[in-house]
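Before I ask anything, here is the structure I am working with.
Order of writing sets the chain letters: A, B, C, D and E. Residues in each chain are counted from 1.
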Amino acid sequence: MKKLIPYWLVSPYILYFCVFVAFPVMFSVVLTFHSWNIISPMKFVGVENYVRLFNDRLFWQAIYNTLRFLVIHIPLQIVVALTLAEFLNQKIRGQAFFRGAFFLPVIVSGVVVTILWQQLLGFNAGILNRALSVLSFPKVAWLEEPAIAMYAIALMATWKNVGLYVILFLVGLQTVPVQYYEAADMEGATHWQKFRYITLPMINPTIFMVVVLSTIGGFSLFIEPYIMTEGGPLNSTLSAVMYIYKQAFQYYHMGYSATLGFCFALLILGVVAIQKRYVEQEM
Amino acid sequence: MMKLLRYTLLILAALSFIYPFIWMISASLSSELGIGSLTLLPINLTLRNYSTVFERIPLGRAFINSLLVALITTGLVLILGAMVGYALARLRFRGRNLIFYLIIFTMTLPFQITLIPNYITMVKLGWVDSYFALIVPFVMNSLAVLLFRQAFAGLPQALIDAARIDGCGELRIIFQILLPNIIPTVLTVIILTFMGLWNEALWPLIVIRDESTMTMPQMVTLFSVGGRADAQLGVKLAAAVMLALPILIVYLFFQKHFIRSMASSGLKD
Amino acid sequence: MAEVKLMHVAKSYEKGPRVIRDVNITVKDREFLVLVGPSGCGKSTLLRMIAGLEEISEGDLLIDGQRVNDVPPKDRDIAMVFQNYALYPHMTVFENMAFGLKLAGLPKNEIRQRVDRATKMLEIEALLDRKPKDMSGGQRQRVAIGRAIVRNPKVFLFDEPLSNLDAKLRGQTRIELQKLHRELNATIIYVTHDQVEAMTLGDRIVVLRDGDVVQQDTPINLYDRPATQFVAGFIGSPPMNFIPGHISQDSPIRFISTGGQVQIELVNVPQADRLLPYKGQPITLGIRAEHISDQPVFAQNVHRQPVTIEAIENMGNETLVYCLLNNGQLIARLAAGYLAPFGQQVDLFVNLDKCHFFEAQTGLTI
Amino acid sequence: LFGLMLGGCRQVETKRPLLFWCSNNAGEITFAREFTEQWQRNHPDKPLRYQPIPEGQSSEEIILASVVGKTTPDIYANMWQGSVEMYAKAGVLVPLDTISGFMEFLRVRCDSSVIQEITSSDGHIYQVPWKVNPIMTLCNTGQVNGPNLKGPPYTYSSYLNAGKQLTKDANHDGYMDRWLGYTEVKVIWYQRFFNFYPLYLAASNGAPLVTNNRGHPSRAAFNNRYAVDVFRFLQQLYRDGYYPKERLTSARDPFLNQRIATSFTGPWQVGFLERYKDTTLHYDTWPMPVPDSHTGPAYTYGDPKNIVIFNTCPDPRAAWAFIKTLIDKPGDLRLMELTGQFPHRRNVDTDPYFSSFLQKNPKLLPFARQSRYIKGVDNCEVIVEVFDIISQEYEACVVYDRKTPESAIRDAARAVDVLLMSEKMNE
Amino acid sequence: MAEVKLMHVAKSYEKGPRVIRDVNITVKDREFLVLVGPSGCGKSTLLRMIAGLEEISEGDLLIDGQRVNDVPPKDRDIAMVFQNYALYPHMTVFENMAFGLKLAGLPKNEIRQRVDRATKMLEIEALLDRKPKDMSGGQRQRVAIGRAIVRNPKVFLFDEPLSNLDAKLRGQTRIELQKLHRELNATIIYVTHDQVEAMTLGDRIVVLRDGDVVQQDTPINLYDRPATQFVAGFIGSPPMNFIPGHISQDSPIRFISTGGQVQIELVNVPQADRLLPYKGQPITLGIRAEHISDQPVFAQNVHRQPVTIEAIENMGNETLVYCLLNNGQLIARLAAGYLAPFGQQVDLFVNLDKCHFFEAQTGLTI
C-alpha cells in the first residue's frame, strides 16, 4: 500500500501525458503516412509525404530561415541581456525600476507586442524610422527588405524576451561570490579582466541555459512573423513552424503538415541534445 | 565617468522598453487624427476609443472568462505540479527517472505537433466552446513540475521526517509543511503560469468560437485583425491596452516579489 | 518503562551494499545511550530505523518487547530531535510544538497544558510566538527538544543535535541535556560523531564503524580499555599516539618500532604475558598524550625517548608538544608554559603502565 | 479529474432553435438581428437565433474548425464561394436543389451563368448566391483630375502616367509620401483578390484561372498574355515607385489620409470613407484599369459570399424558408441599406425597386453597375493553394522585380499543374 | 623587512556607525600577529583595510614606513587568504596560482618556477591539474595559501582560514601554519574568532571588541594576566569562572559574593594591596577551572568552598565538574575519573594565588 503512494501522486501527470502528449505524438506519426484534409476520411499514402518533404524547397527555406533567426537572435539576446545585467549588478539607484522596465515586455501578451511593433517598424509612420530621421539617419525598410526583415523580427523577439534573460543573468551574476572579485583585486585585475576571466566562466552555466532556452523558444518562432510579415518578403521570414501551421490550417494538408512537424521536432530534439551534451561536458 | 556612462546606457535601455507602452497608452487616448505623432501625452484627450471597444466587443465578459480560466488553471497547476514535483524529488519508486525524462521531453516538444490531435481530442470530448478546453490541457505544466521538484529537493529531509513522526500523510506533508517553505517557487510558478495563461491566444482561437466563452487575448486578437475595429488604429490600441492593463497592474503590484522570487526560485538551473 | 532492543538488525538501501550489518543493541529503560562513529558509519540510518523513517531490511526492532518493525513512526511512541532541528519554519514555536498533538486529535486545553509544561522546563516561555528564523541556534535547539517532550514519548532520539551550535553553546547545552535526562527519566538514544559529546553524555556508548558495532561500554571503559585500535584512536583528544613496530624475537621481549628508533623493554608492562605469543610479529603500540611527560615522574616503569620538537601549542592550562619520531608524530600533553625551541632534541618519558598494544593486522587490543 | 470529463461531455441535444451565423461586422449583425426578430415574430413555432461568426484570421478557418468539431451552425451566410466545393465533397452541406421551390426561386434571382458558376462538380447546388462586392478603382477625384492628367477610367498607360504625376515627396524629406495607390504586399493568398485577380479578369474578359473540364484533369488556365500583362503592369507600378512597397496598413487608412490617390477596393470602403473622411476628400469609383487595347466592359472580381445550410440542420426546409426572407427584394434592399454591399441578383442597377436607394447613395451606383460584369472564383477544391502559388510569384516578380512576368506566370502555371495532378491522384 | 603600522585607524561604513575606532597596532617584521575577538567586532574590516579592499576612513596605514592608504591592493605587496579560499572554481590549481602572476605580466617560465616552488613547499605537486571542486577542504586551503605564496608578498593576511575545516584537520593545519611561518620568514596578520587558534599560533595577539583594541600581548601573558574581564573570559576553555561580589568594609578585607555564599579573606592574595581602595565597592572575582581542586594541594593559600555538584563531564584525561554556587556556576577541572553523585555537596579548594579581580563597572583588572 505504502509503495503505491508515489504512483498516486504522479498519476495526474501520467494521465495528462497519455492524453495530451503521447496520443498526439502517436497520432501525428500515424498522420505522416496519410493524406487528410480534416473533414474527409484519411487516406493512406505510404511515404509520399516524406518524399514530398525532401523536394519541398519552401520547407528547407523555412528551416534555413529558422536557423538564421537563431543565429541572429541568440547572440543578440545574450549580449544585450548580459550587458544590461552586468550594468545592473552594481550599486545602482533605481534597481527595481530598471529591472521592472526590462521585464515589462515579457509579461505583456504577444498580441500587444505585435500590435505595438507594427507601429514601431512601419517605414513611414513607424516610430523607429521617425526617430532615425529625427537623428538624420536614412530610414530603414525594416519589414519590406528581404535582407533586413529577419533582423527586424529578431530585434523584436529580443526586445520581447530579453527582460527574462536579464533577470536570469542577474541571478547568475549575483551568485558569483564577491571574494573572487576581491581576490582578483588583490592580484591586480582590471574591470575587463575580471569580467573576462571570472564573471564569464563563472556564469557559464547560465549562459548555456539561456542558449538552450532561447533555442527552444527560437525554434518555435511563429507569432512574430505571422503577424508582422506573413513570412515575407520573398519568404525571408517564413519560419518552419509558420510553414507547418500554414500547411495545416491554410491548405488543410494535415498529413503533410504532421510530417513536417515530425521531422522538425526531430531536428529540435537533436540540436537540444547536442547542446545539452555540450553543457554537461562543460560542467 | 564610468558611472555616468552606465546610467546613461541603462536609462536609454529602460526608455526603449517603456516608451512604446507609454506611446501606446497615450495614442489610445488620442483622437484618430492625433495618433500619428511621437508624443508622450495624448493629443485631444478622449475616451472615445475605449467606449468604441466596449460597444463592439463584450470585453467585460472576456475579462471574467480570462480571469476565471487563469485562476482555476493556475490553482490546478500548483496542486498537481506540487504533487508530481514532490514525488519526483523525495520519493523513490520504479519509473521515477522515466517520468522525469517524459517531462523533459514534453517540454521540448513543439506545440505544433500536438495542436491538431489535441483539437481532435477536445472535439471528441465535446469540450469545444467550453471552459474545459481552456483549462484541462493546461493543468499540467512541465516547468512548474521541474521548479517544484528542484525546490523540494532543496529542503532538508529532516523536515519531512519530523512531519512523518508528527503523523502527517504525504498530502499534508506537501501542502501543509513543504509548500509554505518554498513560497518563492510557488510565487514564480503562479506568476509564470498566470502570465502564460493570460496571454495565451492561439489555443483559444482554435477551440473557442462562442463569443461568450472567449478570453481576452483571443478577443483582442480577433478584434485587431478582424473587421470590427474598422482598421482604426486608436481602437486597436485601446483594445491592446485593455488586454495589457490587468497583467500590468498585477505586475506593478507584485513587482518586488516577482523578480526576487524568480531569482530565488532556482529558475537558474 | 521503555526498553529498545535491536536484534540482528541490518539495512541495505535499494541497489546498495549493506550499510548496517547485524547490529544487536539493547537500550535499557532510562538509559542514555550514545551512538558514535565516524561520518558515514551508519549512525543516522540506525536511528532512523528506530524512528520508523527507514525500513528495516532484516532483523527485529522491539520497543518494550513488542516488535514494531511495521508500525508507522507516529505510533511508535518515540520523538526525535534532528541535527538542524527541522522546525517548521512557517509556524511559531507554539504551533511547532502543538502540531503533532493537533494531528493526534488532542483537545485544545490538553495541548496548551503540555506545551506550557515543556516550555517551562526548557525556559522558553518567552519565545512562544516567535518563528524559528527569529531565534538563535540555541533557542531553536530547545524548541526542537520541546517539540519532542510534549509528545511524552517513551524514547527520545537525537541525531547530532549539537553539531550546528558553536563551541561555547555546545558545551552549555551538553550540561543541560544531562539535566534534562535526569528530569525526564526517559530512554534516550543519541547520535553524534563527536567523541567529546559521547564521553560526557552517555551512560553507555556504542561505537559504530562501517555498519558494525565495534564496542559498547561505559565512557571510562572505552577510554581506558578500548577494544580496538580504531576505538582507541577515535576516543580522546588529541588522539592516542600510535607507533607501528614489532615484538623482537629474543628475550626479554622488546618492542622495536619500524625504523628502530624506539626500543622498549616489555618485561614490566601489564600486558607482558599476553604479548609473548606475538614474538616476531608486527604490532602497534599506543600511548595517550597525557601519559608522556617531560620528567620521569612515573616512579620506575617509564621509558626515556629522545624526540625532536616540531611544534608547540600553548593552551594556557596545558601545552601540547608535537614531536617528530620515527617519521611519525608523537604528541605529548605537558604542563602549561612548557617551552622549547623548535627542532631541538629533548627526552620525553613514556609511562609504560598506560601503554596499549594492538595486533597490526586486525587492530584488536592485545 | 474524471468528474470534470464527465461534466464536459454532458451536452445533450434537446429541441434547439436553428442557429444562424452571420458575418460579424456591425452592419450585417444588425441585418441578421432584424430578420431573426422578424422571423421569430412570424414563426414562433420554429425558433431561430443568430450569432455573428466568431471571427478568426479568416472565417474559412472558423467554418472548417466547426465542421471538424461538429459545431457547425445550421445556416451560414457569408460562405466564400471558393470553399463551398470542399465542403460539398465532404458531404457536410445540404444540396439545396433537392428542396422544392429552390430552383424556381434561383432562376428568378440570377442569370444562368451564375447558376452554372455555383453548380458543383457533382451536379448539385449547395449554395444560395447572396451578395457580391465588386472590386473597383476608387479614385481621389481631387487628385486624379489635376493638370496634365487624363482622369479615369484608366488604361494601363494612362494609369502609369497618373502615377508619374501623382507620386511625390510632399514634405521634401527625401522620401516619397504621396503615391498613386497601394495594395497589400503580403503574400497572403486572398490579397490577390484586390490586385492581380480583378485586373486579370478585366483584361481577359473574365477568363478562368483553372480549366474545369469534367472528366479531364484540371489545368492552369492563366498562362496567357493577359496574366503576363497584368504582372508587367503591376511590376511597373512598383518599379517606378508609384506604389509603395512599404506597409501602409499599420497606420491610418492612407486613402483617407489622401496619401494615395487611387485604391482597388470594394463597396464596403464607401461606408468607411463616408464615416471617417474629412471635408477635403472627394472621390469616385471606376472599373479596374485595362490594357490599352482593351474593348468592351471590364470584368472584375465580385467576391461573392453565399448562404449554405449545413447537414447538421434538423429542419432544412425551415432554414430555406428563413433564407428566402433574407434574399427577397426587401431583404436585399435592407442588406444594401445596412451594409452597403450588393445582392447577387440580376439588374440591381436598373431595377426600380432599388433605384431610390442608389439615388440616395450615388457613391454606390458604380458598384451596382459593375455587378453586371463580375466573376467569382473557379470551382476548384485547391483554389486557395492556386492563389497562394500565384501570390508567391507575384511577390517575386511584381513587388521585388526578381523575375520577368513571363517566367513568373509560367512558373506559377507549372506549379499549379503539378498541384492539380497530385490532387487528382489522391482522390 | 616588512613592518605594518596602523596609526589611529578608524572606519565607518556609509551611513553606519564606526566599526573600527582609533586602532593603533604595529606589526613587527616577521611577526605572526593574530587579531581575535567575537563575531562582528571588526576583525575582517581591519584586515580588509590593510589589504586595500576597504577604504580607510581615518588614520594612516604604513607598510615599511610608507603611507599606503591610497595604493591599490595589487601594489601593496601583500597577499590574502580568504575564509572560504576564494579559489577560482573554473581554473586548475596551476591556473589559480598563476593567475595573478599572469596579470602582472611575468614571463612563463618565471611563473612556472614560482608555482613549482610553492607547490613543493606545500606538498601539493600532485594536485596541479585538479580543479577546486575535486579537492578536499584541506587541499583547497593549501592551494589558497600557495596562491598567496607565489606572489612573494611582504605581508600575508589570513581571514579565518581554518573555520571551514573540521576539528581534526584544523588541528593539523595549525601545526603546518606554524611551520610555514618559520619557513617563509614573512610577516603574517591572521584573523580568527577562535581563541585556541589565537593562543597556539600567534607570536602576539590583539584582542578586539566592538572596534576597539582591548589588549595586545603574547598568548601566555593574555592568559595569565588579562587586562580586562572580557579578555579573561574570552581566552581559555572552559572560560574563567566569575563570581560577582564586593569587598567588605571591615578589616582584614574580605571578598563577599553577592548573596554571601562565598567569603574569602584577601590578606594573602598577591593583589591585596591593590584591593584596599575598593573597600565596600563591587568587584568580580575570577578563577580558572584548573585552579580549583578537590584536594587542598596548594600549600597554605587556598580557600575551601562548599558547592553542589550539578554535572560532571569526564573527558578521559580530565574531568570537568560543574557546580552550583551562589546561583551561578563554577567549573572545576579535576583529575580524570573523578566521580560524585549529582546534587551532592562537596568541598572544593580555590588557589587564591591564581585569583583575578576586576572592577565591576569597567571590567578592568585590579
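Note that in this section a contact is a pair of C-beta atoms (placed from the backbone, for glycine too) under 8 Å apart; a residue touches a chain by one contact, two chains touch by 3 or more.
Computed from a prediction, not measured in an experiment: that's the story for all the values here.
Peer 1: Return the chains common to the contact lists of chain D and chain E.
Peer 2: Chains that touch both chain D and chain E, as defined above, are A.
Peer 1: What is the graph distance from chain C to chain D, where chains are linked when they touch?
Peer 2: 2
Peer 1: If you check the contacts of chain A and chain B, which chains show up for both?
Peer 2: Per touch definition, common to chain A and chain B: D.
Peer 1: With centres defined as the mean C-alpha position, give me the chain B-chain C separation in Å.
Peer 2: Distance between chain centres: 55 Å.
Peer 1: What whole-number Å value describes the gap between the mean CA coordinates of chain B and chain D?
Peer 2: Inter-chain centre distance comes to 38 Å.
Peer 1: Hey, what residues on chain A touch two or more of the other chains?
Peer 2: In chain A, the residues touching two or more other chains are 12, 119, 125.
Peer 1: Please list all residues of chain B that touch 2 or more other chains.
Peer 2: Only 36, 92, 120, 139, 225, 233 qualify.
Peer 1: I'd like to see which chains touch which, written out pair by pair.
Peer 2: Chain pairs that touch: A-B, A-D, A-E, B-C, B-D, C-E.
Peer 1: Could you list, by residue number, the parts of chain A that touch chain B in their complex?
Peer 2: Touch residues, chain A against chain B: 3, 5-7, 9-10, 12-14, 16-17, 19-21, 23-25, 27-28, 31, 83-84, 87-88, 90, 92, 96-105, 107-112, 115-117, 119-120, 125, 127, 130-131, 159, 163, 167-168, 170-172, 174-175, 205-206, 209, 216, 219-220, 223, 227, 241, 244-245, 248, 254, 257-258, 261-262, 264-265, 268-269, 272.
Peer 1: If you look only at chain E, which of its residues touch chain A in the complex?
Peer 2: Within the complex, chain E contacts chain A at residues 48, 51-53, 72-75, 78-80, 82, 84, 86, 88-91, 99-100, 103-104, 147, 151.
Peer 1: Where on chain B is chain A touching in the complex?
Peer 2: Touching chain A: residues 6-7, 9-10, 13-14, 16-18, 20-21, 23-24, 27, 36, 38, 80, 83-84, 86-88, 91-93, 96, 99, 102-103, 105-118, 120-121, 137, 139-140, 145, 170, 195, 198-199, 201-202, 217, 220-221, 224-225, 233, 236-237, 240-241, 243-244, 247-248, 251-252, 255-256, 258-259, 262-263, 267-269 of chain B.
Peer 1: Spell out the residues on chain B that touch chain C in their complex, using ranges where they run on.
Peer 2: Listed in rising order, the residues of chain B that touch chain C are 92, 156, 158-159, 161-168, 172, 177, 180-181.
Peer 1: List the residues on chain D that touch chain B in their complex, please.
Peer 2: 1, 4-5, 7-9, 11, 24-26, 51-52, 54-57, 62, 65-66, 68-71, 249-253, 272, 275-276
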